[in-house]
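When the chains are written out, they are named A, B and C in that same order, and each has its own residue count from 1.
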Amino acid sequence: MKHDQKYTGQEFKVVGTRVERPDGVDKVTGRARYGADANAPGQLVGLVLRSPHAHARIVKIDTSKAEKVAGVKAVLTSADLPDLTNGDAGNYATLVNCMARDRVLYDGHAVAAVAAIDKSSAKKALKLIKITYEKLPHVTDVDEALKKGAPLVQPTNKQDGKPSNKSGHFEFGHGDIEAGLLEADIVLERSYKTEQTHQGYIEPHACLATVGPDGSGELWVTTQGHFSFRIMCAALLGMDVAKLKVTSSEIGGGFGGKTHVWIEPVALALARKSNRPVKMVMSREEVFKASGPTCATSMDVKIGAKKDGTITAAFIECRYSDGPFPGIWGMLGGMTAWACYDLKNCKAVGVDVLVNRPKVAAYRAPSAPMMAFGVESTIDQLAKELDIDPVEFRLRNVAKEGTRSSYGPIYGPIGIEPTLEAVRDHPHMRAKLRKNQGRGMASGFWFNIGGQTCSDLNVGVDGTVNLTVGTVDVGGARASLSLIAAEELGIPYDQVKTNIGDTSSLGHNDTTEGSRGTFSSGMATIFAAREAIEVMKSRAAQMWGIPEDAVEWKDGEARAVGAEHGNLPALSLKEIAAEAGATGGPIAGHHEVTADGSGVSFASHICDVEVDPETGKTTVLRYTVVQDAGKAIHPDYVEGQFQGAAAQGIGWALNEEYVYGEDGCLQNAGFLDYRVPVCSDLPFIDTKILEIPNPNHPYGIRGVGECSIVPPLAAIGNAVSNAVGVRLNHVPMSPPRILKALDDEAGA
Amino acid sequence: MRYESPKTTKEAVTLLSKEKGKAFVLAGGTDLLVRLRMDMIDPDLMIDIKRIPAMNEIKKTATGFKIGAAVSGRQLGASKALVKAWPGVVEATNLIGSDQIQGRCTMVGNLCNASPAADSVPAMIAAGAKAVVVGKAKRRIVAVENVVTGPGQTSLAKGEIIEAITLPKRPAKSGDAYLRFIPRTEMDIAVVGVAVSLTCKRGVIDSARVSLGAVAPTPLLVKEAAAAIIGTKLDKEALENLAAACSAACNPIDDKRGTVEYRVRVAGVLAKRAANIAFERAGGKK
Amino acid sequence: MTGVHVSTSINGDPVEYVCPADESLLDVLRDRVGLTGVKEGCGTGDCGACSITLDGTLVCACLVLGAEAEGRKVTTIEGMGDGENLHPLQRRFIDNAALQCGICTPGFLIAAKSLLDDNPDPTVEEIRYALAGNLCRCTGYDKIVRAVQAAAKDLRRQKK
């Protein structure tokens, strides 16, 4: 698929070409090894006993019978995990989430664990652990949790001096909302609700842990951040960071859900207690119940605009259900809400609320999709009231370079206007629509992050290059990083082999999240390569016997320049590498950085749906993603991120939700009733990559992985509205909700 | 748990009757092995019937068809004769799960699992299918609508096994159809299932059977629904009466797959659509 | 519990194992025979990551007992392709970027091969419905469907 290069200044030799990824053959043959694919001699099976209650006090745990089961080598409760967190609230929350202490806080909360020689012995032992619970009142709904008299999830959590389930309040924006509303010719007020969803990665959490009596340990684990996991596990278990070697397996999907530990500290603790390797693999039911879904929300939006479409005031308050521990989800959402627009008066309030549900973890552009649903749905309704084309309406208020963003910074060159123009001009907009079919569009934003990164680039004796990075490859980044190294060094792509190093081979690397993998490791790779080039220039100078400043590097070789030495034949990387032993030793480049300036990303989507008015069932007919990638290093994988993110957004918009009963227990903890899109549910997803280079990156790269999960909720809602004339304010827009909206509309 | 793989129906019945503990019959395993995996059952004995030749056949008989209990959905769909005669029964069975599930699942397993939402059962009921039940002492023929007695419960006595399903010969000018409502396009349990089988005489519906799934504790045979369309050419009024009769017969629950109101409503909608397809297959013209 | 002794054929090789009667073929393949290319995504037949063929029929290994493999032929992803030569489906999945994390890929390849063995010239709709039993959370299925179309073309050309 061709992409737009209008804005790109640089000329690249290999970056931007569609090369074969290095891990491809392993993955299509089944050779690639994921979290559950490692085994160790003498390993034990670890299983977790989980609370059947949404909220209860643990009165007594009796593990005596379980310990006597043949084959059981260790039984674990919170008594085996002393609190070493030293007042760090975040670590303490993780500790409690890994193993309940005095109370269970959600259906599925871990209360005990067993390591045994096989699954059946472990299961037998779990059944024999006797736990006496005293049930406590629970609350699972975000609005219920804020009502007076609601059961308290954390009685020590206070708001305004009083115990509350409200755990955070964040405000962003500028200007004067009240004044702006007075200036408006029309004001729309709407409320919306979105249900809880899960990242839905196909690979459950899995790890293999060993801990020796000397306090050294190894952890093989599926993770988005093996360095972060090392820090967390070491902290919880009182181990020295350097003595815990964490190796990341191939990862079978994460989307944010594998940035956090769930079973890993327990596996290490079991391994330490039994002095045997312990393998733990979560079942699908456990993944839904006891890993980290995203928040459910409820929100209120108020937008005022002039007749000509200028927004004069924009307000949103969104309440996020964090699970039993406070998080910053409200803050993240608040920052993104109005980011696409240039507004004189805007305000976004993000509120965090505690509920008896699992501990929330990041899910691809966390917190942004929900606020965007409220914002983009209301903007669409405003445009309709004012009889202005929805794309045109957005263009009239669009943020540009120099705009003061709703969350503070002034924008550099950004892509929101180009994506809207591209949507306006896209052939999708001219596709014919039939009865009960409708078209919707929506925009979205995500910041992307930089973070701590280091890379090692080593030139081998034959001139082929090893690049070791610390960011887990979640979707093909190894290819992009090899492309970047090859580009810098001026050698063919297939001469570079990129590996993800374990924690003992590199300095700290932050997690692969926030769309930072290619951006940060790419930046570190560029500078590591440039360092290696300096070394090679110096070696060439030695080999020629000329001063270093007479050497330059071009197209994979050292060239002598200047009148005196200019006619020396060039020395290729291969030739220099072959002489490395004689010229000073192994040739390498290295770079540690806190990568900064990751460049914000914007996307605009177009969606056509058909709604069956007798059943409320929605079919997605066409879908187009336009997103600014800054610079697409490997276009195939950039397209893949656009399509995958959009697919998750579509599932979220139409069918995915956590269903809780009155008893506070999760009713659909499996792929049968947690309905992610299947192949026949989706059309081909058209993509258009725009490139408005990020001036803070040598290649202009922006993060690409997350932004396109942000627009689909509203794109679909807007399309449904145009298809059958009803506005859905509750996500997912499942068939019963759509049918009810149609009935209410007909009855009205 | 012990595993046995008998080679004859008699052997299977003997194993089933003799077992003092909990014995389960394994055909495709697409329900049973899920329940085993989720610790919902704790079998002492698993009897695999897939190596019994009589249970693996699809036979055309003088009175119609005999489909062995171990015949998979995939095999059913590959039988041209069955697809021609009973398209509704085949399409209903072929809606169960994915192609992977189709490689294993069976109509009899679907029936005996006795989920209120089973896909193949309403179509079998509408077609007038019968179950050949074999026990230690005797065989008996049971109408499929009398096999399921409640969610997860059947009228089979201890030691009895269903050896086959029989379908009658397809009369001329008749057709059957099955439709279900699911929120996605595949892979969901039916929120509502409707099967209609009808025969026409001189262009008018002469006999009909209408069966509903997922709207009551058991699949329903709705006589009032059939009565609503007999003697008609499926005009608008007949279809409305059909829909109303189906909605009235529903006795569903609210659960994570659908609400009472939604199921009652959609049962009527699907009944109309299924009847139209069956009528068209029967050569009916409006 | 006494184990069941099973003699079977896996990817053309004779294999014997002893397993508990209630152990799934998926667990047997992964933990006893060492074929970890067959993945567990759910254990209940909802995701297709454990797709294999049993006597040529596409099934989920999690919904087959290890005991049932007696005397039958099992094919897994490890049996696809011929030594150094990738099967056209495998080739096209790589070339078309039809995988991101790759965990669902073995299951898709087995299911897609089963489809093309039966139906060498499927429509897009036929491909999508045939693969509805295989969940992918990374790609949105777009490039997977295109890869299957391309491989189908390759295979039809090969036959000529």
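Here is the rule we go by: a residue touches a chain if its C-beta (ideal position, glycine included) is under 8 Å from a C-beta of that chain, and two chains touch if they have at least 3 such contacts.
Since we're looking at a predicted model, the values are computed, not measured.
Asks: Contact counts by the stated rule: is the higher one at B-C or A-B?
Replies: B-C
Asks: What chain is the most remote from chain B, judged by the mean position of CA atoms in each chain?
Replies: Looking at centroid distances, A is the chain farthest away.
Asks: Can you compute the centre-to-centre distance for chain B and chain C, using the mean CA position of each chain? Integer Å is fine.
Replies: Distance between chain centres, rounded to whole Å: 29 Å.
Asks: What is the distance, in whole Å, between the centres of chain A and chain B, each centre taken as the mean of its C-alpha atoms?
Replies: That gives a centre separation of 44 Å.
Asks: Two or more other chains in contact with one residue: find those residues in chain B.
Replies: Correct list: 38, 185-187.
Asks: Multi-chain contacts only, two chains or more: what residues does chain C have there?
Replies: Residues 1, 20, 43-44, 46, 129, 132-134 of chain C touch two or more partner chains.
Asks: Would you give the residues of chain A that are in contact with at least 2 other chains, written as numbers and ranges?
Replies: 672, 677-678, 680
Asks: Looking at the complex, which residues from chain A come into contact with chain B?
Replies: 123, 285, 614-615, 617, 619, 654-655, 659, 667-668, 672-673, 675, 677-678, 680-681, 734-736, 739
Asks: Would you pull the chain C residues touching chain B in the complex into a rising list?
Replies: It comes out as residues 1-2, 4, 20-22, 24, 43-46, 48, 51, 54, 57-60, 62-65, 67-68, 70, 111, 114-115, 129-130, 132-134.
Asks: Provide the residue numbers of chain A that touch chain C in the complex, in ascending order.
Replies: Spelled out, the residues of chain A in touch with chain C are 18, 20-21, 23-25, 27-34, 36-37, 39, 120, 199-204, 250-255, 281, 283-284, 474-476, 636-637, 639-641, 643-644, 646-648, 670-672, 676-680, 682, 684-685.
Asks: Under the definition above, what is the set of chain C residues touching chain A in their complex?
Replies: That would be residues 1, 20, 30-31, 35-44, 46-47, 49, 76-78, 80-81, 86, 90, 93-97, 99-106, 109, 125, 127-129, 131-146 of chain C.
Asks: In their complex, what parts of chain B are in touch with chain A?
Replies: 38-39, 181, 183-189, 255-259, 262, 265-266, 269
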